[in-house]
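Below are two complexes that have subunit A in common, paired first with subunit B and then with subunit C.
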Partner chain A sequence: MIKKNTGWIIAGLTVLLLITAIYSATVGTADISFKEVVWITLSEVPLINRYVTAPEGSPRTIVVLIRLPRIVLGIIAGISLSVSGTSMQGIFKNPMASPFILGVSAGGGLGAAVGFFLGVSFFYLPLLAFLTALGTVFLVFALGRVRGKTDVATLLLAGLAMNFLMSGLTSYIRYMSPPDKMVQMQILSFMLGNLNEAAWNQIYITLPIMIVGVALVFAYSRDLNVIQMGEGSALQLGVDVETTKFVQLVTSSLLAATMVAFTGIIGFVGLMIPHGARLMVGPEHKRLIPTAALMGGIFLILCDTISRMMGEIPVGIITVLLGSPFFIYLLIRNRGDTGW
Partner chain B sequence: MMRKITVIAVISIMLVGLFAVLPRVSEADESITVTDARGEDVNLEAPPERIISFMPSNTEILFHIGEGDRVVGVDDLSDYPSEVNDLPNVGDSFNVDYEKITELEPDVVVTPSFNTQMIDYLENIGHTVVATNSNTLEDVYTDMRLLGIMCGIEEEANQMADELEDEMNEITQNTADLPQEERVDVFYIASVGPIYTPGNHTFQNTLIQNAGGNNIADQGDGWWEISKETIVDEDPDVIIATEDLEGQVQKLSEDDVWQSISAVENDEIYYVDDDIFSRPAPRVVEAQSTLTDITAEHLGIEENGEENGEEIPGFTLPILLASVAIIFTISIKDKSNQKDD
Partner chain C sequence: MVGILEVKELTTGYGEKEVLKNISFDLKDGEVLGIIGPNGSGKSTLIKAITGVIPIWSGEVNYDKKNIDELHRRERAHIIGVVPQDTFINFPFTSWEVVMMGRNPYLGRFENPKKEDDLAVKKAMEATKTLRFKDQSVRELSGGELQRVVVARALAQEPNLIFLDEATSHLDIGHKLEIMDLMKDRVKQRDVGVLSIHHNLNLAARYCDKIVLLDEGKVHAKGSPKEVLTRAHLRAVYGIEAEVDKNPRDGSLYVTPIKRKVMKEDKEEVVHVVCGGGTGGTLLKELVEHGYEVTTGVLNVMDSDQKMADFLDLRCVTEAPFSSISEKTKSENLKLIKEADLVMGTDFAIGPGNLDNLKDLLYAAESGKKVVLLERTGFQKRNHVGSKGDKIYRELTAKSDVKIFTGIEEIMRKLDEGNI
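== the complex of A and B ==
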């Protein structure tokens, strides 16, 4: 373990995130040179744009309105999902916990499926998915409340049950939708996650939620560490376990629900990235959360770049295909020392 | 004084008149407003020089009305006419290549109206979108007129649409209005395992109806999965399947249950070109006449339309003579039936 070098790791990951983002902006079906991409991007930055003249026309549209929002949304999604996953794993003290464990993805999936089935406009679809995702989590919370306290084991099982219920309903809608229309494909695309239709107005909504959410999770990171020793000892150490659990669970569900609403269900990132981060910097949450956030951002834009290179394969497929072998590699290297 | 006022008045009236006329003069250029399938009024400064066609039927219509040279990009499924294959592909509805679309700098993107997600995104990044419905037989004519207006050839396109409609009516004149009991039971297979079939309110259902057929699947709406039990129960006289399913349908028909179906027993399975039978495009004429030829045999009606489809076994002279005789009886019967209605 290289805990002492956390500062360097975080600095390195930040640089890597920038490099990946810039590289990603130069990849696509349209033939736009590296130099053009850089000039166009710089010309969009206030102050700098006074000194930059960039090409107009279609290359500009492609870089500014297609590639950049996609990359930024990818970073936001990567950060949100990884941080949400880290928090969930911390609260549940379970390596199988993911942002979707309380039914966010299945609930959002059902909302999206209903939306596609009814032909709800593109504008209201994320709202519908968001509301059903949160509604599901609310139900799970209600089921998980035992005598005024949130019982983690009950919560886990309630989440499992709701996941099955919502997925079942989604499958039913998918099966019932006519094969000649887009509905089945749209639902499938949502289930696999997609950054293909990212737009700036989605970023205006998701970015503030991400910032507030990550800040909240980070603010309670010390309490999260203490909870790892068991809720009993946490109470003895003066940690308000109930509040910590509540804030962490609500915040991470909100982060995940927001991302599901706008990008569909991008799997793997929220489950595996926290493990990868734990292998790098250890289980201490003050280090773990920023590391996981940066790794999530890098990983997701990397996957989305590959998805674009391969002709717009849904990014959720790439995250799993690329992430799993990497994770297995990490696992083999660190057997018995996974930070748990 | 009076004169001065008069002069000022005259001059101002002239100026007002001039300004009223001026915009019209500049508008007298080629600007076009087309109301598309969404009911949206799309304004174009001029007939589009660069069109991206995002649906095979739209592509076929654009080429049919003689505006194919304006098409600069098509979706992956567009493959007719053959010159389309040289054009850049911009993805399919599932994976739209927005970069490629933008790079081609189209004046307008013609899309199917149901893909609202794609339309919203395209407009968001600054493209002009004209949406078509491309579902029913009527849509062939509607889309043709709509795209005609878009290309600034409204009159010609209307005329072509009328001609196409006339041609279709001619092909189906003897079969379209047959009473239910005289119709041939037709089963259309669009996919095998699960077997999907076009029910009511589908393009294929209309073609079958017009050809004097009775679609055995019309109790369901749209496309649906039909069970073996229903197929056996309905016992179709004719099975129409798409060419790519030939091997699979043959395999299926070896099954004992399938052997009990009249169409299988009598070897009345016809394989048709899926593209022609599924696209609401001008080639619907070929689909309709192929289908009418198939049903004609069962209805005892003289073949209509142009060339026979290759799938249809050649008529022998006696059958031909016999059928001519039957037509007379049927057409008389037909007329009396119509009066009954």
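== the complex of A and C ==
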């Protein structure tokens, strides 16, 4: 495998991402054409809107206020989760790691369940989920520190334990909730992940976090490569292993916690997309991270589009239903082979 | 300019546990230094401490008068490149990518590899004959191929010193020699220094200019292979009996482990064995292994029993090769017999030269010592002095304290049971 054409792959994926996004904006009960979507979108972009205008009316309202925020949030979630998963798999040197391995999802799920149970307003709910997600990761980190160093094996077990603990507490809250369908559905919907509530103000929060997070993970990408040789060898090759682990784990947990707070627990993207990206450009993180980011964005919009076509079923169901067969396909293809 | 790595009074460990204490040695560019020692003696820990994987508790490590512990990791990686014992890579990096990681200490965070980096990688891969699978995933390589890729990574690092942490121990003998030859070449050509941990004493003897022998975290011996690889050191540190000889082909030493030293409880009894011509070798060894203090004599130098006695470091009365027993040696032998609690005689062939040995056995019996005779061949077959021998033997076997056995196993069993 020679991967000298990464530039073209990334360019191609970027174009594909745009086309998928625009196509996704044409899907829905109101009939809006590809061309209309393009013109409406461009007319909203500063500078370009001096030259491009689109008529006011309901298509514009639907695209700008309903479909576009949902698509953009989907892209942000796809990118954040994929990059977070790539980073986690790199630090744990384990292709089975995911963004949720340190308890982000279970912690966020507990916060959300408590919020729904207490009837917390929709403004504070993401904050609550975000704080419990980060709090859980913090506990896992505290458990995983051995003699001033982060021991990844201990961290993995601590994450597993906290995942179980938080999930158990969440189940208890669900069990205790009144058989009022509303709360039960809210919690379930959060657990499965969805982009239904997307709005521009969520994007104003998540986009900067995504940009900073992806930039940090990318900045430490070569260190992540060298760590694959083993932590001892990485130290001997001049890598500050502890700093790298800290930056990668904290950043990828933050990315995942942010997305959990706003979109619930969208499973599988962060686990599977890094594999798909690795098949395309290999494991070298400088190429892998942008590739995984773009693929994650595309995959999540596609899944959400399908979810909308199927009558708003939570997007997490689609990612799993689409992702698992792909995963099984990879498994069969690489079975007995030399890894992922 | 020749650089020197100086390790001074280095002490380190893990957690509370001290693993290395006051280790000092130095390594110049252009030298191969071997580190040997049993499992758990702290060999790998030493490399970890020098390369900053674990902190140094006390002491210092200098390279060219600079304390390398105070250098940035990246600068330290310019000085020392390490080849670990094994490398597990979970993701399918290509060989080229793995070797390029050797350039990590030269590349800035956002810098891409430059021409000189490509060149360094290419040269390293050529030297290790790995260039032909440069685009292949390292997960598809055999153990030997992967290890050569890792060696190439250390070469691409262009360090002043290369540390081999048992780097060849999983490889077959061909690949072992290939990698060590490559290192030796580098040492000659480019003035790098090599520090190499060895489990294989013969590889150490063959490739190292200097050797440090570690035992329980301390330096037991250091110096040239000849000074370090002695039977006494090997016995003390590894608990083995070994022969150390010179390889006739290239003059390097080679070590042949004979047997693990049996650590049976030392017994008080002194056993004197009268033997010769190879009849006593096994008995001497068995007695030593069963913990007895053993003396022997009179033996001619070059006699195979004498060689065994020498090998076992026994007190032994010797006579010049092929000479008859002289007055002087005879009296020495009698002295040892007097000191012994038990005297044994083997079924050695009796000629005019060693008839005195038979007389000495009789002397022992007459002076009240217990005497054990090993008789496997029958006296007539080994008696070459006629009636003179017959007479002494008859007297000897007539004594009440003389017992005759036909096998060594039987003797050892009775001895251990206390039935002699």
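Please note the rule applied: the second predicted complex is superposed on the first by the 323 of 340 C-alpha atoms of A that agree within 3 Å, B and C clash if a C-alpha of one lies under 4 Å from a C-alpha of the other, contacts with A are read in each partner's own complex, and residues count from 1 in each chain.
Just so we're on the same page, a residue touches a chain if its C-beta (ideal position, glycine included) is under 8 Å from a C-beta of that chain, and two chains touch if they have at least 3 such contacts.
As the structure is a computational prediction, the values presented were derived from the model and not from experiment.
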Which of subunit B and subunit C A:Ser121 touches, first, second, both or neither: first
First (subunit B), second (subunit C), both or neither touched by A:Thr29: first
Partner chain in contact with A:Gly311 - subunit B first, subunit C second, else both or neither: first
Contacts of A:Glu56 with subunit B and subunit C, given as first, second, both or neither: neither
Partner chain in contact with A:Pro178 - subunit B first, subunit C second, else both or neither: first
A:Ser233 touches, of subunit B and subunit C: first, second, both or neither? second
First (subunit B), second (subunit C), both or neither touched by A:Glu242: neither
Set intersection of subunit A contacts, subunit C complex versus subunit B complex: none
Touch list for subunit C against partner subunit A, complex: 15, 48, 51-53, 72-74, 76-77, 80-82, 84, 87-94, 97-98, 101-102, 104-105, 107, 109-110, 135, 137, 139-140, 153, 157
Residue ranges of subunit B touching subunit A (in the complex, touch as defined): 91, 93-100, 102-105, 114-117, 120-121, 124-126, 191, 196, 198, 202, 222-224
Contact set on subunit A toward subunit B in their complex: 28-31, 57-59, 61-62, 65-67, 119, 121-123, 125, 178-182, 185-186, 189, 196-197, 199, 311-313
Residue ranges of subunit A in contact with subunit C within the complex: 1-2, 93-95, 147, 219-220, 222, 225-226, 228-230, 232-233, 235-240, 278, 282-284, 338-340
